[in-house]
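Shared chain: subunit A. Partners: subunit B in the first complex, subunit C in the second.
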Partner chain A sequence: MITKSSVQIRKEWDIVGARQMGRNLAKELGFGTVDQARITTAISELARNIYLYADKGKVAYEKIEDMNKKGLRIVASDQGPGIHDLSKVMEDGFSTSGGLGAGLPGVKRLMDCFDIVSEPGMGTTITTIKWVR
Partner chain B sequence: MRIPILKLHNYLLVSIQIDLDDQTAIDFQEDLLSKIHKSGATGVVIDLTSVDIIDSFIAKVLGDVVSMSDLMGAKVVLTGIQPAVAMTLIDLGIHLQNVPTALDLEQGLIKLRQELEE
Partner chain C sequence: MEPYKFDVNNYRNLLKKYIASQDETSLYQAEQFSKLSMQHNISPEEIINVHIQALKELYPDLPVEIDSSMNFLLETMISYGLAYQEFQTLREKQGELESEISIAANMQQTLLSTTIPDIVGLDIGAISVPSHQMNGDYYHFVTDESNNLGIAIADVIGKGIPAALAMSMIKYSLDSFPETMRNPSVILENLNRVVEQNVDTSMFITMFYGLFNPETGSLQFSSAGHEPGFYYCADKDQFFEMTTKGLVLGVSDQATYEQFDITMESDDMVVLLTDGVTECRIGERFIDTEEVLEVIRKYMHLPAQEAVELVYRHFERLQDFQLRDDFTLIFLKK
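Let's look at the complex of A and B:
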């Protein structure tokens, strides 16, 4: 069974909205407090990237509830400028915005699955999953 | 939304009890520096007991405010970082190495007193 919901990212405050929605869903699925913090932090990084680099976009959530596996899939997508050098943005400490450069490599470490598809001029879609242990 | 900054003798005490958005964090940075300037405080404790997430942006703002206060002559200690927050920060690759921390408000005040050798 899959339950879907999403939050539009248009203004800075939507970052808070996106992570609150993520935290609620994580709680409902039965994630522990540490994994709730990991998921919420990952969403915050993804939503901020949308706001900073693409102006607007969307964070979508899918509760995955199979027979033997439960998890939360988060898809952050935008139609922004895209990423020219994918390997560069996955390096720790690389930032074009004066940030800590912890964002994407950090998200990858916080979550169980991480996939990024980006085309310059077309936008970026990042899909991540965390499984309930 | 403004975060209240309380004065206690020559210290400033801050307890962050809301879900921090970027603008609130930046406003707080400015408010704290101007309060240090006005009050002549020598030490600051920022208590994070009620904060359940710190992402890379908030971490940068907190790390920066420690360095900025240091430049002005005030020592800042961060206290009460939750276990889940500490684990998440390390996963993110954020170590906040030059930031003084303590377990709770009480330990934070002791640490300040030691650092300021009062």
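Let's look at the complex of A and C:
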């Protein structure tokens, strides 16, 4: 069974909305408190990136529930300027906003699966999954 | 005391004991718990989660406000956890870089190695110690078929890996010059062009080049802005600065280098060095030339190699065993 939903990101306030939806879904799926906090932090990072660099985009959620495992798939996509040097942004210690530990490497650490597709001028799509332990 | 495992039971018991007695032993165990958690890459938010669980087990009627406040704390710590993980990764990376640099430093030593030749009537001592892993100083000895000795000593202004790379270039240029080209001023003019054409303008190299004739005791030399050496005249029992003129290498392709010469008599000595010796600092103060010469004088009666090593030990100790600049010293004793 797959349930889909999404939040549009246009203004900073939408980041909160994205977090809220993610947290609700994470709770429903039975994630523990720590994982709920990690998932929402990851959503914050993804939504914030859209807000800061792409102007607008969306964060979409899919509950994955099959026989063996349950999880939450989060897809953040935008039609912004895209990322020229993917390996650079995935490098620790590199952050345009000057934050510590955050950024895309942070999202990768918080989640179980991480994939990014980006084309300069076309936009960026980041897909992440967290499995219920 | 028992060994610690990272689990809620353990933590709960510890917490319970502490709340009851507020004893130092429990706090010490909490410290152990914290260290062990770090060893196992447990992030701060997980510790807080364990704390929340333990608290709920100990106080099933925990006020809902306290419960919420603990969740609030957990959320707040997530970013610290991430920063901590990033720090771990960066620390591993740093370790890798350090080992790469140490391999490069070994390679540099092999590339730039020179052997001190046996010259009848001349006792030679030389030492070169980098302040960090890679050496920006360089010295080289070369002899020709009539047993003349060529001596090069150089210092790259700038440190670390770029300096070391530039030095390798100097060495190979020197090696590639024909053996007939022995004239110090000509050698420096040629090197100057090599440096000028191949090295970034922000990097300068100072160099002294000398040619010693063991038959006559004459030392011809030129210098490209290098720290002046000293000539010790045994007859007068005095040191003289070997004043020279010449622009550092790499500034202008038109640079020319005047050539000087001295004749060494028995028991005379020539001291060549880099600014790591003369600009040795004690606290905030630079050492002055007189002090350098005093130290040299103290050891110069010894065999040359032993003497340079003892002078180095002296300055190393003076600077609390932390060289601020690469240190190179050569004694030529007749």
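Worth a mention:
In this section, the second predicted complex is superposed on the first by the 128 of 133 C-alpha atoms of A that agree within 3 Å, B and C clash if a C-alpha of one lies under 4 Å from a C-alpha of the other, contacts with A are read in each partner's own complex, and residues count from 1 in each chain.
In the analysis below, a residue touches a chain if its C-beta (ideal position, glycine included) is under 8 Å from a C-beta of that chain, and two chains touch if they have at least 3 such contacts.
Since the structure is predicted, the reported quantities are computational estimates derived from the model, not experimental observations.
In the overlay built on the shared chain, the residue A:L110 is in contact with subunit B and with subunit C.
Look at A:K88: by the touch rule set out above, it reaches neither subunit B nor subunit C. Of the two partner chains placed by the overlay, only subunit B lies in contact with A:W13; subunit C stays clear of it. By the touch criterion defined above, A:K4 reaches neither subunit B nor subunit C.
Shared-chain residue A:R133: touches no atom of subunit B or subunit C. When the two structures are aligned on the shared chain, A:V34 is found in touch with subunit B and with subunit C. Where the contact sets of subunit A with subunit B and with subunit C meet, they give residues 33-34, 37-38, 40-41, 92-93, 100, 102, 105-106, 109-110. Here subunit B touches subunit A in the complex through residues 19, 21-23, 52-57, 59-60, 82-85, 87-88, 91-94, going by the rule given at the top.
Listed in rising order, the residues of subunit A touching subunit C in the complex are 32-34, 37-38, 40-41, 92-93, 100-102, 105-106, 109-110. If you check the complex, the residues on subunit C that touch subunit A are 45-46, 49, 52, 71, 74-75, 78-87, 89-90, 93. Across the interface of their complex, subunit B is touched by residues 12-13, 15-16, 19-20, 33-34, 36-38, 40-41, 44-45, 48, 92-93, 99-100, 102-103, 105-106, 109-110 of subunit A.
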